[in-house]
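So that you can tell them apart, the chains are marked A, B, C, D and E in the order they are listed, and the count of residues begins at 1 in each.
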Amino acid sequence: MSQTATLKAEAASLIGRKRLLTIAMPVAILAYLAYIAVAFDFAGVAERARADNARALVADSYSYKTHVTRDNRSGEVTVAIEGERKGTYAPDTPPAWVAQQDDRTVIDLGDGHVVTFIGDDGFSYDIPGYGVIEGTISRARGVQNNLGDDVPDWISVSKNRLAITTDAGRVTVTRNKTEVFRYFLGWELFFFTLDSPYHGHGLAEILFGPRIDPDHSNLSGALSDFWNNAMWRHGEVAWALFETVLMAFLGTMGAAMVALPLAFLAAKNFTPVMAVRFGVRRVFDFVRGVDALIWTIVLARAFGPGPLTGALAILFTDTGSFGKMFSEALENVDDKQIEGVQSTGAPVLSRYRFGVIPQITPVLLSQVLYYLESNTRSATIIGAITGGGIGLLLTQAIITQKDWEEVTYYIVLIVLMVVFMDWLSGILRRRLIKGDAGGGH
Amino acid sequence: MLLSVENVTKVFGRNTAVDNVAFSVDKPAFVGIIGRSGAGKSTFLRMVNRLTDATAGAIHFDGRDVLSLKGAEKRAWQSDCAMIFQQFNLVPRMDVVSNVLHGTLNRHSALATMFNLYPTSDIHRAIDILERLGIAEQAAKRAEALSGGQQQRVAIARALMQDPKIILADEPIASLDPMNAQVVMDALRRIHEEDGRMVVANLHTLDTARRYCDRVIGMREGRIVFDGTPEQLTTGVARDIYGADASFSEASTSTSIDALDANARAMMEEVEVL
Amino acid sequence: MADFATQGASGVFDTREHYMALTRRRRLYSGVMLIVFAALMTSGFMVANDRNAGGFWDGLHNIFDFPAMVVAEAGEKLALLPGHLVHFFPALIETINIAAVSTLVGGLLGIVLSLLSTRGLARFPRLIPLFRRIMDVMRAIPEIVIALVLIFVLGGGPVPAMIAIAFHTGGALGKLFSEVNENADMKPLEGLESVGATWMQKMYLGVLPQVAPNYLSYALLRFEINIRASAILGFVGAGGIGYELKNAMSWGQGKFDEAAAIFILLFGAIVFFDQISSHFRNRLTQGRPVS
Amino acid sequence: EEITEFRIGILGGENAQDRLNSNECLRAQTEELLGVETKLFAPADYNGVIQGLLGGTIDMAWLGASGYAKTYLEDPEAVEPVLVKVNVDGGYGYHSIGFARKDAGVASLEDMQGKVFGFGDPNSTSGYLIPSIEIPQTTGATMEPGDYFGDVVFTGGHEQTIVAVNNGDIDAGVTWADGLGDWEDGFNSGALRKAVDAGLIDMNDLVEIWRSKPIPEGPIVLRKALPEDVKVKMTALMASMPAMDYDCYYQVAAGESKGFMPISHDAYVSIVEARKAKSN
Amino acid sequence: MLLSVENVTKVFGRNTAVDNVAFSVDKPAFVGIIGRSGAGKSTFLRMVNRLTDATAGAIHFDGRDVLSLKGAEKRAWQSDCAMIFQQFNLVPRMDVVSNVLHGTLNRHSALATMFNLYPTSDIHRAIDILERLGIAEQAAKRAEALSGGQQQRVAIARALMQDPKIILADEPIASLDPMNAQVVMDALRRIHEEDGRMVVANLHTLDTARRYCDRVIGMREGRIVFDGTPEQLTTGVARDIYGADASFSEASTSTSIDALDANARAMMEEVEVL
């Protein structure tokens, strides 16, 4: 009976200990997270977070804006998609919602919003449900308007500047220029810029319709205009993607080819000399520990910016990783096979070729392919820091902080590229490792 | 003298694995070496093939001073002296013919064989050899897909591919079942008889030694304790070699098919006792 | 008898023909593969070399210029080094913290995602493909992309880096974890289900104890990777030691002693955690149970 | 001696692709003039171009004054300045402008005590070097975090500084502008103007809190090791560009300006000294 | 009626695992279900416990419409209906007490179980139950460290911890040796008798069914082919159930200790034949 009692007490204390342990774990994690929250200033970050930036980013990534700009000095009016030269409408063929009437330009923003440029110094904005805002611009007195003192918060007004933001669009007036932005859904000019004869034609029309440009067949002309699209630059983006994959490929394969012979020097069973082994292993640790990022900087001095530098940076780092993994694989090889080949009087190289290589090929291939895939991602980052490729395009597009639709485009391409490499390396892995009967060629 | 072994010794640290072994053979013969585990049989064969270096002594074969060969000459000797292992020591991921072709590696430069490019005549010969050993149908399979007996025959084929003057076999049937063991031993014997090649085989069973060998050498603790014809190998002598007491029964070392039944019965008895 | 012999001979002949055909095919395949690979390597190298500012052969002998300069200056100002080490240590801690917290958060996320996307364990079996795709996308987006976008919204500092790495880690670990889950024994789960346990209870009591060692081993490996990632993100403005390194490095001569100090810290940390983690991973995966 | 190719480095500030595009005409003209393949490189930051010049992998670049000083300090024999841009008003200087958000309650440097101040790239003249020397002269305190300012950070570049101030991540920062024209427009040219044009910021939300003395525009540099005739040809090409092909010049110079004039190392001696002073 | 099973059917693809099964039990009884492998025994029990959903039919227990329960109600039923598995289905890496306490999971929130917040009274009860099954000394050990018979007793303890109205046991002794099988069956029988709980056990041996059950149900190909008392279970009936021909020998399905010797002898004979 008393034995049962002790058993009970023991069980209770056992559960009690486990309880402590299971509570201690989450508590420790929470405490760490709390420390991080303080150290990283979560509160401040939340406070500083700019929802409007996020909104602008998201909105910009699926829509585009068309600028209607009047130079207040010359009175010249231009209409340009995203305000870029390459997206400028020819002066005589503005879009349908911009109408030129004598000295007036009437801009229909939709939903009843109408902005009118009058002469080269007047403007008006008819906002349904609010009224008409009118004003003139003078070099001396700045931007004058009919707004009273009671200005709603979607209008920003000062002596030399007036900005109005509504659901339909945005208007900014300064002494130099008057600008109207109208927003549209989609990625305009994604296929063809305005100067291309194929702009505005559907796919069916281009493929099966009559010749649009008499000099070229529709298909070749359209492809060339698409490829050389000055705003989206598909051709150059494709090059950049290729460069990124190239860096990953050269880096990974190069590293594997360098690491394989070195790995023999780091494996106990192939290099009995302790000093050599130790030395080679520390070299592996070093190149791996330095990290591709720092290699990129170091190598940029010798080779300058470009994909080769990126590829070499990957090569250096991965030589370390591969060297370590391969030498571990080599230490696990089965001596019997080597001895079998050796006993026939095979030269040393043949001994390795037939006694060792077939044994480590599966490990080797699967590691190399895995790294190839993950290096595609690394190459994006390395490119951003110096090399080039899609990473550079992406970071630069992000830093300028206005071409979010391009950013979105690049991100989509990067994700597709990585997914593709993932798929490819999966296929190769299955093919090469399972199917190969000759133990490698 | 074809093969003469003079006071060969091998010391591992404090342990003398092979101790002053000396014997000679004057014409191609089928020599069996018996002895219990650790007697130094494997070490001795490995020294002959030069997989292991001897500590002292000399071996002469057909005028060659085997133990003093170096580099290319050593490899040339290895190519003349084929070795067959207990665990077959094939390259399991490669196909059978490629494994057999490894027997020609000494004749080609490492570079030439890097990409598995062997002359067609060699490939044909490899298949002929496989045919002779009755496993030509397996030619395209990976070695690892074969049964133990088949793998050992591939190993023999590789040895024959070397066109060796002497074949060393280190317990070639120890990992095989009795059925396969017989096939393999028969093959070795046939090679000896038909081609006139010398065979030295480590064997761990008396009856196999008796049945296949022209001459039997018994080793114990690194030394030769018996050297004679199979007929001279009485149970008493065997007791000496194996250092066994009176309870020594020949069947316990036997794997021949005839002996199987007795063996099986013994096993069954053990099961019953459990 | 004669009949038998011819049959045998033709057998050899067939085997020969068959094997030679096989060999030719195999040689062709490996030959083509080898040529394709060699062509890819050389042409790839040539393209990269051509598109690079400096050529490979010209640059090769300059490879030590930069390290030599750094080492020379650091050597000159050796006395300042300890001070720098102390000064930049907090930045290193920040980098390690980013890595640790994002491994933690990403790991927890990965656990949930992996449980939701493993057949047999999933709470909503129909949504398995959805959760798998989610993990694929999370894995595919490089950290730097998320970090840069978040820096725009949240401002610079460690938080964007943390979120970016955690996001990527969630996807990467999720996939590895679900591979582990697939090998988990279902019997204990069924036992728990039969007593009326909820999904949470089943996962917590039935699955996690089985898979914890493998999870932990993968998480450690990821932590190692994340230290590098968080150092890199520092380069684009996400704080930590990467930020200091970039500033010192890009200033160049005059601050190379700082760069050297930072490099020593970073390299030391990477090697340190690399060794620690491979030690523990070996213990974990060699089946020594952790209680 | 002969060259086999000519490599031009372009500094940041814009989309990498935009930079390459606006310098495409320069590349074509160079190729025609020198008869060798000419390539453009647009690395991610100042340092990329500078390392290229030092390592001999970039032959020509348009550097900032501080960037030139850095190149000079690391290797005086690497490059030589040849030309400098002349503004519409005839000068060749610009300013470093300190600015803050209006609603943060900062109107002058005095208000910045204890607050967060942001530089751009460490290699930028207006974004770091000059303000890091001139601001302490005004405040009478060092730029060490905690001394006068609560914290001092590098945002990475002019664009990042502007966004960071506009977002309130930092309380004030410095960037470059020509100092001409209206504040509302973000001056006539400079990083602020670009941000305004892009619709990123509203200058009404910002105030100027500090302005540097004029800073010399950075030089166009050529690698010293280039053959003499190449140097001469390239200098002539650049100098004559405004007259020969203004459109191209406008693109390369990123806006209205008068042209290029010859300049030598002497114009940058003070900048080199300033930079030396900032090193450990 | 305590338990009534009405035309329950389970179809897996084209295969009808349980076919229109109907029977009822009016008071707590020890019911055995026998039938050969694939007869649908496990599937039926799993449907009762709601581990598997039925294709058609209804089960009522004490007024509850078992098959239509959902969510929390379903889990409440599972807690009233304990299940014991052939492979024990414990959490092997956890200690015995924790495993037993899992029987109370339905009564606690997920959070409480996460932090091991079991009331002390539950812990004491768990020890009492283990004591009753004679394995209280193992309480602190990991489940995986126990023998099969001990593990099955832990599983029974977990079932008892649920304080169930009915205990389902799916071949509870199939992975146990005869010694342990008897201990486990005795325990189940005692629980039935002392606590008055209903037990439904799948059994694969006739003699166990005869010895322990009040009522035996025979299944074949998903259908009930026998329903009666153990006494009615003649060898002829058994042949029907097992679909065996005249060579059917009862011993071949037996695991009782008395039958062991005969069995062992049969096994030995088979070995000998090989």
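As a convention for this text, contacts are C-beta pairs under 8 Å (C-beta built on N, C-alpha and C of every residue); 3 or more make two chains touch, one makes a residue touch a chain.
By chain, UniProt protein names: A, C = Phosphonate transport system permease protein; B, E = Phosphonate transport system ATP-binding protein.
Note that the structure is predicted; figures quoted are calculated from it, not measured.
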Practice task
Go through the assembly and pull out the chains touching chain C as well as chain D.
Solution key: A
Practice task
Indicate, using Cα centroids, the chain positioned nearest the centre of all protein chains shown.
Solution key: C
Handout entry: For chain B placed onto chain E, the superposition rotation in degrees, Cα atoms, nearest 5
Key = 170
Handout entry: Per Cα centroids, the chain farthest from chain E
Key = D
Practice task
Report, in whole Å, the distance between the mean C-alpha point of chain A and the mean C-alpha point of chain D.
Solution key: 26
Practice task
Compute the distance, rounded to whole Å, between the mean C-alpha positions of chain B and chain C.
Solution key: 49
Exercise for the section: List the centre-to-centre spacing of chain B and chain E in whole Å, with centres computed as mean CA coordinates. Expected result: 58
Practice task
Indicate the residues of chain D shared as contacts by at least two other chains.
Solution key: 7, 9, 41, 51-52, 54-55, 57-58, 156, 160, 163, 167-169
Practice task
For chain A, jot down the residues that touch at least 2 other chains.
Solution key: 48, 50, 53, 297, 301-306, 384-385, 395, 399, 401, 437-438, 441
Handout entry: Numbers and ranges of chain B residues touching at least 2 other chains
Key = 115-116
Fill in the blank from the handout: In their shared complex, chain C is touched by residues of chain B numbered 97, 115-117, 120, 123-124, 127-128, 130-131, 136-137, 139-140
Completion exercise
The residues of chain A that touch chain B in their complex are 336-337, 339-350, 353-355, 358-359, 361, 437-439, 441
Practice task
Over in the complex, which chain A residues touch chain E? Could you list them?
Solution key: 4, 7-8, 10-12, 14-15, 18-19, 22-23, 26
Problem - Complex contacts: residues of chain B adjacent to chain A - result: 49, 51, 74-80, 82-83, 85, 87-95, 98, 102-106, 108-111, 113-116, 142, 155, 158, 162
Exercise for the section: Can you check the complex and tell me which residues of chain A touch chain C? Expected result: 29, 32-33, 36, 39-42, 45, 48-50, 53-54, 57, 243, 246-247, 249-250, 253-254, 285, 288-291, 293-294, 297-299, 301-309, 311, 377, 380-381, 384-385, 388, 391, 394-395, 398-399, 401, 407, 411, 414-415, 418-419, 422, 437-438, 441
